[in-house]
Amino acid sequence: MKVTVNRKAHFNAAHRLFRPEWSDEKNLEVFGKCSNPHYHGHNYDVTVSVTGQVDQKTGFVMDMKELKDIIKTEIEDVFDHKNLNEEVPEFNSSASGLNPTSENIVVVIWKKLRPHINKSHDLAVTLYETPRNFVSFNGG
Amino acid sequence: MKVTVNRKAHFNAAHRLFRPEWSDEKNLEVFGKCSNPHYHGHNYDVTVSVTGQVDQKTGFVMDMKELKDIIKTEIEDVFDHKNLNEEVPEFNSSASGLNPTSENIVVVIWKKLRPHINKSHDLAVTLYETPRNFVSFNGG
Amino acid sequence: MKVTVNRKAHFNAAHRLFRPEWSDEKNLEVFGKCSNPHYHGHNYDVTVSVTGQVDQKTGFVMDMKELKDIIKTEIEDVFDHKNLNEEVPEFNSSASGLNPTSENIVVVIWKKLRPHINKSHDLAVTLYETPRNFVSFNGG
Amino acid sequence: MKVTVNRKAHFNAAHRLFRPEWSDEKNLEVFGKCSNPHYHGHNYDVTVSVTGQVDQKTGFVMDMKELKDIIKTEIEDVFDHKNLNEEVPEFNSSASGLNPTSENIVVVIWKKLRPHINKSHDLAVTLYETPRNFVSFNGG
Amino acid sequence: MKVTVNRKAHFNAAHRLFRPEWSDEKNLEVFGKCSNPHYHGHNYDVTVSVTGQVDQKTGFVMDMKELKDIIKTEIEDVFDHKNLNEEVPEFNSSASGLNPTSENIVVVIWKKLRPHINKSHDLAVTLYETPRNFVSFNGG
Amino acid sequence: MKVTVNRKAHFNAAHRLFRPEWSDEKNLEVFGKCSNPHYHGHNYDVTVSVTGQVDQKTGFVMDMKELKDIIKTEIEDVFDHKNLNEEVPEFNSSASGLNPTSENIVVVIWKKLRPHINKSHDLAVTLYETPRNFVSFNGG
């Protein structure tokens, strides 16, 4: 009998979408105003979902306080009030980092959390860039 | 590695639930106040979800501006500030149209969007008739 | 020591904006797609706010169950699943009714509630036509 | 062609997390402030999701009024304005009841609803303990 | 030139409405299911609003981190995961405490915060007992 | 008889809080992580509120399409997907601009809108930096 537990978190960050090997014109054409070289930013909301058996003693799939602490250490402390392109290594463009689209960010978050979640549990992450644009990834 | 991208849209429309071959009494019995012949209406919210591989160049499953434009042309321009029973052909009761329940509307939306989405991508649609009543369809 | 108590309610209704003495062209020019003769509709949310002294015995400004019942009888039963232009007398255009704009609706709601609220209490009403368009009236 | 219909409901309840065979110290260590012997409480939100074929006559997977009534009788009348540990038999600790964690509550809700839903339909339940902590169960 | 700054906080608590000098029957008659002797509970949301001149150096009416800390110490640490009737002195019924209605709680919160806010600033507090029932108090 | 009409808009922007004449240490001490030299960002929500008499012909205080257009031209086109410190003149620190705190931004928005609103109408603006931190200004 498997239950999914979900915990919401959030961080505020600056970013821009661009590929360093493309000209400014091509970046503007593909990414529009999201390629602004001066950056823009978002209040990102994250929902982390862990699926597994309910422990008969505690009634927990996983202690939510523990999940909250993992999200704080692995995600909020790394992303909050940061410039994703400049300060988060996975997206550092001068070191062939990923373009910080929502799709790439949600995969990076999933990979950072996966080692800290019980191996017998499934993990999925949903990332809201705005209330109208959001993405999700379950490792598949 | 597949990611789901989601985009929210909305439209305001009038409708009534009824079957033309039934008497007014039977329509009232089955559909209650939703069968009011003078119509009532809703602020419909729609979430369109597209699942596929992340493009290595752009970092996109699909360009959200393109998805936004498809939703505008195929859904918002057709449904917004309209009377679903009178003005949307799929629900036109004098031409044996469907009863505009949430279930039938969400399937119609899915069918209108499907030809415009990359064939290798999966499509799902969620339609909120009110914040407390909503439906979803993934083609299955 | 005055406290304001607030109660949210909602109703779903159809309407159109138009003035019967104007031509269709002029109605379209002034009211845009809101003048569609086939109607469109909304999930209206209403917040009713009553300000007054806190009763020392009960700790209430006003019993919220009583306020909930007044809103049900005076507003929800009259407006919910109705066509405002056709079925609510204040907006009946064939009888020189008001144009059912949010501004006119919120004033009508306030006037319908006022006689049922203690005279020593202040009354304000906020009406959401959509999450992004809303109006308020306090009788002033 | 299967569609999922969803209905939201809610109830306000008190509870505490604890295991009667553990000492107060161990309960505090495992459950933190949630083990407060004087109880605390929540506004619980519930989303009930039913998946099935759309009826060709009505355009319904299931009549939402009927689903609303089932939720009222089976869930809201039993849980609303109650102390889960003291007044809901499944969680009565003096009778070896379950610990009222979100995980255990969502499974109990699912089991109480399942017999009232058409056997050919799938059932899933999501329970929000707070806007940031929520759980879901689909019987699997 | 005065600006209002607002900060949201929340706490989860149990309570019951009743007056110790009334019989159980009268309490039930006046307070309905809210008088359940076993308690029920809520996720309370609080918005604290401070109005004053904008400091020319910092651009702040008041440092939001400082306001957040005051709310934590004075409100969240005192009310969160507590039984208001049993554990918050202002509402302790065996010591002629106030009935913990939303009205009385919002006044108590205002009085607890007022000494910690600059005297030249105005203070208002809004308390949500549920998303549909809320109260506000500005000291007036 | 005055009614208030409200319209919500939003923009996504990057910013940092700092005073150019202060050392990095003092900026960090006063503004904390909000002073990060690489910037961070927000999804800002804005509510614009206009109070005035209801026009007897149209039933409008002000045409909401006109208000929407003013907000787009004066606010969204200027602030959306921009770096407030680098690209919005009022906050340009190399030209003794204001520190882009929420308080200063809401006053700038009010001043940019005021000339475009009928002189006999009152204007108020609320700015959400996050769902938990927001400010409002009515010119007073």
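Letters A, B, C, D, E and F name the chains as they come in the text, with residue numbers starting at 1 for each one.
Keep this in mind: a residue touches a chain if its C-beta (ideal position, glycine included) is under 8 Å from a C-beta of that chain, and two chains touch if they have at least 3 such contacts.
Everything numeric here is computed off the predicted structure, so don't read it as measured data.
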Those chains which touch chain F and also touch chain C: E
Shortest path length from chain B to chain C (each step joins two touching chains): 1
Farthest chain relative to chain C (centres taken as mean CA coordinates): A
Separation of chain B from chain F, taking each centre as the mean of its C-alpha atoms, in whole Å: 35
Whole-Å gap between the CA centroids of chain A and chain D: 29
Rounded Å distance between chain A and chain C, as computed from the means of their C-alpha atoms: 42
Contacts with 2+ other chains: residues of chain C: 131
Those chain pairs that satisfy the touch definition: A-B, A-D, A-F, B-C, B-D, C-E, C-F, D-E, E-F
In the complex with chain A, residue positions of chain B that touch it: 1-9, 54, 57-61, 64-65
Complex contacts: residues of chain F adjacent to chain E: 17, 19, 30-32, 98-104, 106-107, 131-137, 140
Contact footprint of chain F on chain A as seen in their complex: 10, 12-15, 33-34, 36, 38-43, 80-83, 86-87, 130-131
